[in-house]
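Read through the structures below before going on.
One chain, chain A, appears in both complexes that follow, with chain B as partner in the first and chain C in the second.
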Partner chain A sequence: MPATPARRSRLRAAATPWLFATPAIVLFTLFLIIPIGYAIYLSFRGFRIEGGGAFGRRVQSFVGLDNYLTALTDPEYVAGLGRVLLYGLVAIPSVLGLALLFALLLDTPRVRARGFARTAIFLPYAVPGVIASLLWGFLYLPSTSPISYLARQLHAGPLDFFGFPTLYFSLANIALWSGVGFNMIIIFTSLRAIPTSVYEAARIDGASELQIAWRIKIPLVAPALVLTGLFSVIGTLQLYSEPATLRPMSTTISFTWVPLMKIYQEAFMNDNLGGAAAASVVLALGILVLSLLLLRFFQRRTFGDDA
Partner chain B sequence: MSAGDRTVLTRRRPGTARRPRLATVVLLLGALYCLAPVAWVVIASSKSPRELFTTFSFAPGSGFADNLAALGGYGDGQFWRWGLNSLLYAGLGAILSTLVSAMAGYALAKFRFRGRQALFSVILAGVLVPGIVLAVPQYLLLAAVGLAGTYWSVLLPVIINPFGIFLCRVFAAASLPESTLEAARLDGAGEVHIFVRIVLPMMVQGLVTVFLLQFVGIWNNFLLPFIMLSDQDKYPITLGLYTFLGKGAGDGDLYSLVIMGSAVSVVPLVVLVLVLQRFWRADLLAGGLKG
Partner chain C sequence: MTPPTLPPPRRRRPGTSLAAAALAVALTASLAACSSAEAPSSGTASDGGPVTLQVWTWNLKGTDPRAKAVIDKYHQLHPDVTVKLAEVGGTAETASKLLAADKAGDTPDVVQLEYRGVPAVVTAGAVKDITADVAGVKAGIEPNIWALTTFDGQVYGVPQDIGPMVLTYRKDLFDKYGAKVPTTWAEYAKAAEQIHKKDPSVYIASFSAAQLEFFAAQAAQAGAQWWSNDGKTWKVGIDSEASLKTADFWQDLVERDLVKVEPLLTPEWNAQVNSGKLLSWAAAAWAPNVIYSVAPDTAGTWESAPLPQWTPGDPAVPFLGGSAFLVPAKSKHAKEAAAFAAWLGASDEGSKAQLSLDIYPGGNAGRQATLTHEPPRLMPQQKDFYQVTDQVIKNTTIPVTWGPNVNVAQTAFGDALNAAALNKTSFRAVYQATQQAVVADLQKSGYTVSK
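Entry: the complex of A and B
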């Protein structure tokens, strides 16, 4: 049947969105779906010695859940997961808490130096994690640290920023410094989106700014808090560049201090791709479960379909 | 008093005339906390290696020009090469990423087609996938096709940005009136023409935000180049400084080079953020999320 012009244009109209989405779909497939599938495949594969004695060959084969069992029973990997969780428990509440505080303060009527403070607090967002770790590393390092210098002048003794548990606070402080401004901007912007009429009645009734913040503003910016919380969780569990950068400055940080350092070592130093893949899958699943729990907990108030 | 403050005053009728002093003080403390390390590194970069460990940290030194020359001279100007590499990865990567995201976001927001919801859900799920966990399988796959260790290995994986697609969809839905697109179609304009001449210009603010996010994201990315690259000449600046420090543990001369390098690499990003800040649409991040 010959295609009529109307039919052809309908076909073209149906193809148009797919054509626009094609680059994204191709890249998404190549750099997300296939690597995920490949990682899962690798996580079930391992090397076994086939044949006996000196003639044994290393043969890659299906090993079932062996790699997962190895990963989950590896004290170093499990300890790394524990370290990341401990770090997250310190870092995430401080980043989000301070971001919310600064956002609420910026939104307070008649506050001074609003623009300056906003820009200054946002600025560290532009500093890469490695550079931020270098900056703070030198501020922690006894020989260059102005804090240690002052402590010496006051005869307060040496300050150890890399010990236990101070190291967790030192690392969390880097996350706080890097992340507070970005999260503050997101929360502040959703505060600005609240129509002022919402507070007017409360102000007329004599509510204080503190009460307005606590009772009205915070509940209304909850979706932004969930979003920032979600990104913080995803970012926290992928902790890598900060401890890797600080490692030469501190003896407390081992080569496998966090899960990603362990994964890197297994993959590229020990040539254990199956083990590295299993450890990655465990980490990714952990992040996914935590993210979904967080979203479920807040009743899918974010990421709703706006269509 | 600035114009911004005045609009706030008229918009919010004052309940009391008192200025919130404590709020201002806390904000200024926050600003100080965020600026102090940057100030420290700029000051420390002016110190000669000997001064670095002997003088008070916030006192400027006398070695700025020497340090800068030493940094530039290190490994036949390798540092500047790293800077150019970073610019290439982040600049080109972010431009391509923004374009791909804009096309996909526009398709998802402005066309009704079968599979639209499924496609969007898959891309949203991609936001939750920790990108860094993908780096090892991405390396193996790129190595299999002979691309590992090349510029492509760092550039290609960062072009796809699920969060950017999500933002572009939100922004396309909010900023492109159906009537404008319909009018252009009735005039016989082709779909590509409509996208280039109407859609992109109308979405420009949102696109700047997506570009900026991705630019900073790529510039800050460490693990991907760390895994992909072995040739130091292809390193971005973050990886270069990292290897610097690894070599320089216990070597005071390299410490001052690392500090100088940190100072130099912070400056262009700070300038970029300050310049692009006025185009920055944070409401796109915050406002688009109410379902």
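Entry: the complex of A and C
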């Protein structure tokens, strides 16, 4: 029996959204789902010797949860996680605090050269992380650093930018230099979206600029702060180019200083793709869980319970 | 403002690789690998048609006219073979690139690796056994140098350059501080003390924990074998007593602040060498050219002497650094690739050509040619430089076997030794921990490790 016209159109209606979504689904599958699946597959495999002898051949085989056990019990990997957390403790509040401050300053009514200031603060963000790290590396090394030179002239003693805990501040400083501008733009954009009538009302009520900033602007840009905060947390856990670039210049940054350096080391220096894949999966899951927790926590506080 | 750069990649890049830079070269290399696929090969490699060899090397640089002359010469001799050069980084980067290319099934035809990196790619099955291809040129290189690329009696690469160990030092400043050129390590410690006492801002040398191969050579000179095998099982001797004694030696110098704890070839190291704050580098005959590339203004003030000894009167040393050309297992032109590697490394013409590139040739003809060659640019006044190194090669009687997991040792050792030097903790413990890490990794991979 042929389908009735009504049924056919119902079918078509059901298929249409899928048709529109197909390109996205295909790309998503090709470039995200499949690579992730392959990484998970790799994380259960490792190279083992076949044929015996001192120069037996290494072949890939299934090793079960070996790689995960190794990653989770590896003191260096765990220590690396500890180091990024310590780094985040220094970097995130200073980056976000400064970004918020600059955004609020730029948003005050009588500010001059707003466009120039905004660009100037944003510009370092355009400098790639590796270049920024090399640049700061030269400023940190005693023989090439003008800061150390000045300190020597003032008999302030040698400055060690790579010691403990200064190293964390040296690294956070690079993040600060390049990250403030980006975060400032997000917060600033959100500030400009607030209707001016709110400020007018506040001024009529006799509020000072400081009070407006504290009681109106900051609460209203809270969603932007949550967003930038989340980006910063993810960026912190993915810390790589700064310590990796500075490593050859210092004796305090090890080959496996942060989790991503450890993963790189395993994958490309030790030829242990399985171990690297397992460590990557662990890190990705960690980031995911942490992001979800943070979002839930802040959503409740900034958007109310219904969000 | 000129963009800051690290020193350019050179003959031997002791652990200064930037991971990010490695990624960048990885990209370039994969592009290069793509272009090699377009080589006008009209079928199998052995049919005599024109072939293009893709060569990964840092010895021959595509931008260097002297290297181009060598390549053009080869093309003249073999009109069917065109050689394309690509530089993909030092040993660690090249090895990992090769393993990735091998998995992808698209490898270059010739790959340069330092000797310590060879066993890892052999056990990964990524390079070809070229014993038969090089049988005809065996006489061009001494057997003890062939030994560096021979495992289980099979040859996996053609030695190109070698590193006879020497101490390269600032002659003028050693004289100024009244320090004698040390012939033993005990004298080295004395000289270190004397120099640092005269001027506390000056050190005899830097102590770079990342130089795994140097510490391995030190231990070998003292009679230890970090890796060895009897064909079936591996033996690891990083924590052997002879090896630990060398650890004590360096711990003493570091604790007394007689050497500067500082990585090599950083902008900091370069500045200190330029300003006469670091006076020597115990390495090999390739070191003068490396120093020249970062401190050309100091040329004429340096000299090289045989490495200090542990036992007075015992001049035996191992090689340090140096490299070979290998043929990847998946090369489409393996025969031509082996022939090119053999020509450059073992023929009279090729090994002499190496000398023209400031490379210390491993081939007999090239070594002979050094004796009448001008000294390196760093020490134009030291007319007997190549006589010194030639004698050192005669004394290079200590064979060094590298294991399949040198990279594992490199990381574990370098990081732990840096930490120990900073925190003033036991160097012996570092050697023992490295031993454990290396043994555990070998066992995990499935090798038998004997006690």
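Rule of thumb we're sticking to: the second predicted complex is superposed on the first by the 254 of 307 C-alpha atoms of A that agree within 3 Å, B and C clash if a C-alpha of one lies under 4 Å from a C-alpha of the other, contacts with A are read in each partner's own complex, and residues count from 1 in each chain.
As a convention for this text, contacts are C-beta pairs under 8 Å (C-beta built on N, C-alpha and C of every residue); 3 or more make two chains touch, one makes a residue touch a chain.
It should be emphasised that the depicted structure is a prediction, and the values quoted were computed from it without experimental measurement.
In the superposition on chain A, contact is made by A:241 with both chain B and chain C. Look at A:280: by the touch rule set out above, it reaches chain B but stays clear of chain C.
In the superposition on chain A, contact of A:270 is made with chain C only, not with chain B. Once chain A of one complex is fitted onto chain A of the other, the partner contacts of A:261 are limited to chain C, with no touch recorded for chain B.
Of the two partner chains, neither chain B nor chain C is touched by A:210. Contact with both chain B and chain C is seen for A:249 once the two complexes are overlaid on the shared chain. Of the two partner chains, both chain B and chain C are touched by A:144.
Measured by the number of chain A residues touched, the leading partner among chain B and chain C is B.
Once the two complexes are overlaid on the shared chain, A:131 sits against chain B and chain C alike. When the two structures are aligned on the shared chain, A:39 is found in touch with chain B, with no touch to chain C.
130-131, 134-135, 138, 143-144, 240-241, 244-245, 248-249, 264, 268 are the residues of chain A that lie in the contact sets of both chain B and chain C, per the superposition on chain A.
Taken together, the chain C residues at the contact with chain A in this complex read 3-6, 15-22, 92-93, 95-96, 99-100, 119-120, 122-125, 151-152, 209-210, 229-234, 261-263, 266-268, 271-272, 275, 404-405, 407-408, 410-411, 414-415, 418-419, 421-422, 445-448. Here chain A touches chain C in the complex through residues 47-50, 52-58, 130-131, 134-135, 137-138, 141-144, 240-241, 244-245, 247-252, 254-256, 261, 264-265, 268-271, going by the rule given at the top. Looking at the complex, you find that chain A touches chain B at residues 14, 16-21, 23-25, 27-28, 30-32, 34-36, 38-39, 42, 98, 101-102, 105-106, 108-117, 119-132, 134-136, 138-139, 143-146, 149, 177, 180-181, 185-190, 192-193, 196, 199-200, 203, 206, 209, 223-224, 227, 230, 234, 237-238, 240-241, 244-245, 248-249, 260, 263-264, 267-268, 273, 276-277, 280, 283-284, 287-288, 291-292, 300-307. Residues of chain B that touch chain A in their complex: 2, 4-5, 8-9, 11-15, 19-20, 23-24, 26-28, 30-35, 37-38, 40-41, 44, 52-53, 56-58, 100-101, 103-104, 106-111, 113, 116-117, 119-120, 122-124, 126, 128-134, 136-138, 140-141, 156-157, 159-160, 162, 165, 170, 173, 191, 195, 216, 219-220, 222-223, 227, 237-239, 241-242, 245-246, 248-249, 255, 258-259, 262, 265-266, 269-270, 272-274, 277, 282-283, 285-291.
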